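Heads up, the next two complexes both have chain A, just with different partners, chain B and then chain C.
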Partner chain A sequence: MGWRQFKAMVRKDVVSELRTRETVVSMFLFVVLAMIVFHYAFTVSGGGRLSFYTGGMLWVVFVFGALLGLNRSFAHEKDDGCLDGLLLCPVDRMTIYLAKMTANLIFLGAIQVVAVPVFALFFASGRIATHLPAFLALVVLADLGIAALGTLLATITMNTRSRDLLLPIVFLPLVIPLLIAAASGTSALLSGAAGAPSVLGRLAFLLVYDGVFLVLAYGTYDVAIGE
Partner chain B sequence: MAGAGRAAGNHGGGPASEPAGGARSERAGDAPERAGDAAAPEICVEGLGKAFGRRDVLRDVSFTVARGGFLTLFGPNGAGKTTTLRLLATLLKPSSGSVTVAGHDLRGDPAPVRRAIGFISHDPLLYRDLTAHENLRFYADMYGVADAERRIADLLERVELSHRRHDVVATFSKGMQQRLAIARALLHEPRVLLLDEPHSGLDPHAVDLLDGLLGDIRAEHTFVMATHSLRQGLGLADQVLILDGGKVVFAHGGGMAEAEFAATYRAQVREGALV
Partner chain C sequence: MQSATTVAAGSDQSVARPAAPRLATTGAILAAAAALLAAGVLVGFWIAPTDASTLGFSQKIFYIHAPIAETALLAYGVAFVAAILYLRRGDARYDRLGVAAVRLGLLFSALVMITGVVWGRAAWGVWWAWEPRLTTFLLACLLYSGYFVLRGSVDDEARRATYGALFAIIAFVDVPITFFATRFLPAGLHPVVIGPSGSGMDYRDLIAFVAGLAGMTLLFVGLLRVELGIESLHEQLRELKYRLGR
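Now for the complex of A and B:
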């Protein structure tokens, strides 16, 4: 992998985003508004067993929020006609994938830095701080899986006429295993109902999930981004 | 006529190695340096074909371009000009035939081919939200250009955009974007420049500026340009091809008068006209 090229691509995406704020602002607004909606919907109907569902709520919001960003991840290349410029460069296609995935990770992480405290305020006051290392490990591995899968699928769907519709259709079924592991792991941490072994099992599953899609991207990205 | 096209364009001994007298005299100072290189063509295309699904868009196209040569591709819309350029640029994969650019086989190892080419199209391939300097810096890093800041400063000076280096490209006129696109394409000092209708959408003043720039760099690179413009296409070329229906229907070593070439074009091409 060309480190200089990798850095250039990530820096280009981040600078573009800082200048336009198209992706992060829409992701941030969606995530915070969805949490507010969940807060009122579930507290009105009784919050007695709420901690059982909080992990699911959190990751549903993050997965759909990430989709907004993934849909935009190749927007500059497509809208500005720059995909040809990128493909003309003597750069390994896997480097393009890793740079795009890293940019998506940065945007998702930036949202979570703000969204997790909002989530803690509404649904899990004090409980996240108690299990912070395990929670962070879950977030990092789940984010990596979302970005690894999402970047690959965003690349495949970017040349289709209905890419905004097609990406969720192919992404959501494939992200369900990750969603189950991340949501159940988070709920277990927040409810205190499960011990360390069950959380470790979910972390191991997420690690394997991430590895599978990174290897898949390694094997297919040249074709995915090709003609 | 396709046969005539092949006969003229297939082998280095045709138009590629014997550019027209006019073009040769313009580059007289380069002649001794290039004499040895002319034996090995910079671009060698043999039996090139491309199909999208069942539709053949390019069939059995062959030509060579000598180092320092300038080949212009003419033809109506859909003739296969852009497909030919995109194949040379490694943006498409050939369905049949072989392509060698700067001594590298396009199928076997596209990375050296990508290093050897610069591509200029009617689309400037620039990020609108980045400044002129940020765009060039991005591409300089992508091509691994050494001493990138000096090279960027030189090129911005050359395309007369130094004063706009920190402005985002979205604020540039079409002509300025095209000049910046030339700087982008020249950043890594490519041996071959591929130009896909670079004058498209430009006003007359911008066309003159672009022609001046191309004239300045004419001696430094090997060119393949697709165009509908008779004046721009014949002006710099020492070799011309007419494509129609994905095939070469006419090839010539250049040096034809505009009126003569226009008449030939009308005779060879089923529909469409030059401007």
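Now for the complex of A and C:
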């Protein structure tokens, strides 16, 4: 793997995003809007406490927000003919994958830096701060899984007729195990009731999940991105 | 059909026909499957003792439900192996095998859901329980339906096969992960029939179960051959239409 090429490709994605800001801003607005939608959807019975649902809400919001970014991540490449350029470069296909994955990870992380405090303010006042290291570990591992799987699937769906429509259909069922682990881990942290072992179990599961999809991508990316 | 064959045979190029499975063998396999399934039901319903626990008579559906579930997983396994072989060798036969296996896997998964819902109603008093194994099958159904949506939205034939194979591999790896993840949720209701301490089954139960399992597996093999036969006929028809310039 070429480290220089990897850095150049990540830089290309970040710079082009910084110039247009269209993906990250839309993702962020979507995430905050979704939180507000959740608030109104779940507090119909008046004064109900949402702490029971917070872990699930947080990760549903991030998974759907990530979908927006993933859909965009190859749209530019494909529509502006940049992908052909990338494929013509003397670069390992896996380097392209890792660079695109890292860019997606950076965008998702950038959203979360702002969205998690907003979420904590809305739904979990102060409780995230008390378990910050464990929560950060959950976020990092879950994000890595979302980016690893999402980038692989976005590569496959970008060459199909109904790519924007197709990605959620294939991505969501595959991401549900990650959603279960991340959501139940976050809920356990926020409720404070469950001990550290249950969170450690989720972290180990997420680590395995990330590893599995990274290995799958390593084995199949040459074919996935095409000739 | 007769005239089309004559025209095709009359041209210079030879028609590349995918080998169709022999119909007589398929018939024999399906007959054996029917006999085994009937035997399994006979032994299970009339000879094996009725379950002593609260499940009672409703436990009998186990002889059908569990073999169907295992056959569905077998079908996905076949699709997984076919996908790897397709990606390694690029032979369209493996693609056809993969499609046929996923289609049958979906059929069997749907049957798992139906029998599971019926059993759930009898055993737990609810039509639907968010129970790990049932939930995993529901997700597998949705996942493998996505396989056909994905294939349907790719025009190029080779690319369609490649993406289908990639997706079959990813999906097959995901099914056990999903099953494991559902364990993080509050405990399920599913009876553990064959646990670490042996099966705890009466030998008559075991006969009914093994007959059901063997019968269902043979049914799958038979149906797979039928599917492949149909696919190969489609292929020949396409070829002939192309020759006739339509």
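One rule holds for everything that comes next: the second predicted complex is superposed on the first by the 220 of 227 C-alpha atoms of A that agree within 3 Å, B and C clash if a C-alpha of one lies under 4 Å from a C-alpha of the other, contacts with A are read in each partner's own complex, and residues count from 1 in each chain.
Throughout what follows, a residue touches a chain if its C-beta (ideal position, glycine included) is under 8 Å from a C-beta of that chain, and two chains touch if they have at least 3 such contacts.
Quick caveat, the model's predicted, so the values are computed rather than measured.
Asks: Quick check on the superposition: with chain A as the shared anchor, is it clash or fit for chain B versus chain C?
Replies: Pair status: fit.
Asks: After the superposition on A, what does A:109 contact: first (chain B), second (chain C), both or neither?
Replies: neither
Asks: Give one of first, second, both or neither to describe whether A:89 is in contact with chain B, with chain C, with both, or with none.
Replies: Touch status of A:89: first partner only.
Asks: For A:216 in the superposed arrangement: first (chain B), second (chain C), both or neither?
Replies: Touch partner of A:216: chain C, not chain B.
Asks: Is A:161 in contact with chain B, with chain C, with both, or with neither (first, second, both, neither)?
Replies: The answer is second: A:161 touches chain C but not chain B.
Asks: Which holds for A:117: it touches chain B only (first), chain C only (second), both, or neither?
Replies: A:117 sits against neither chain B nor chain C.
Asks: If we overlay the two complexes on their shared chain A, which of chain B and chain C does A:226 touch? Say first, second, both or neither.
Replies: After superposition on chain A, A:226 lies in contact with both partners, chain B and chain C.
Asks: Give, as a whole number of angstrom, the minimum Cα separation of chain B and chain C in the superposed three-chain arrangement.
Replies: 5
Asks: Using the superposition on chain A as set up above, list the residues of chain A that contact both chain B and chain C.
Replies: 226
Asks: Give the list of chain A residues in touch with chain B in this complex.
Replies: 2, 4-5, 7-9, 11-12, 15-16, 19-20, 76, 79-82, 84-91, 226-227
Asks: Note which residues of chain A are touching chain C in the complex, please.
Replies: Chain A residues touching chain C: 152-153, 156-157, 159-163, 166, 169-170, 173-174, 176-178, 180-181, 184, 201-202, 205, 208-209, 212-213, 216, 220, 223-224, 226.
Asks: Would you mind writing out the residues of chain B in touch with chain A in their complex?
Replies: 89-93, 111-112, 114-115, 117, 119, 121, 123-130, 134, 137-139, 141-144, 168, 184
Asks: Residues of chain C touching chain A in their complex?
Replies: 87, 139, 142-143, 146, 149-150, 153-155, 159, 162-163, 166-167, 169-171, 173-174, 177-178, 180-182, 184-185
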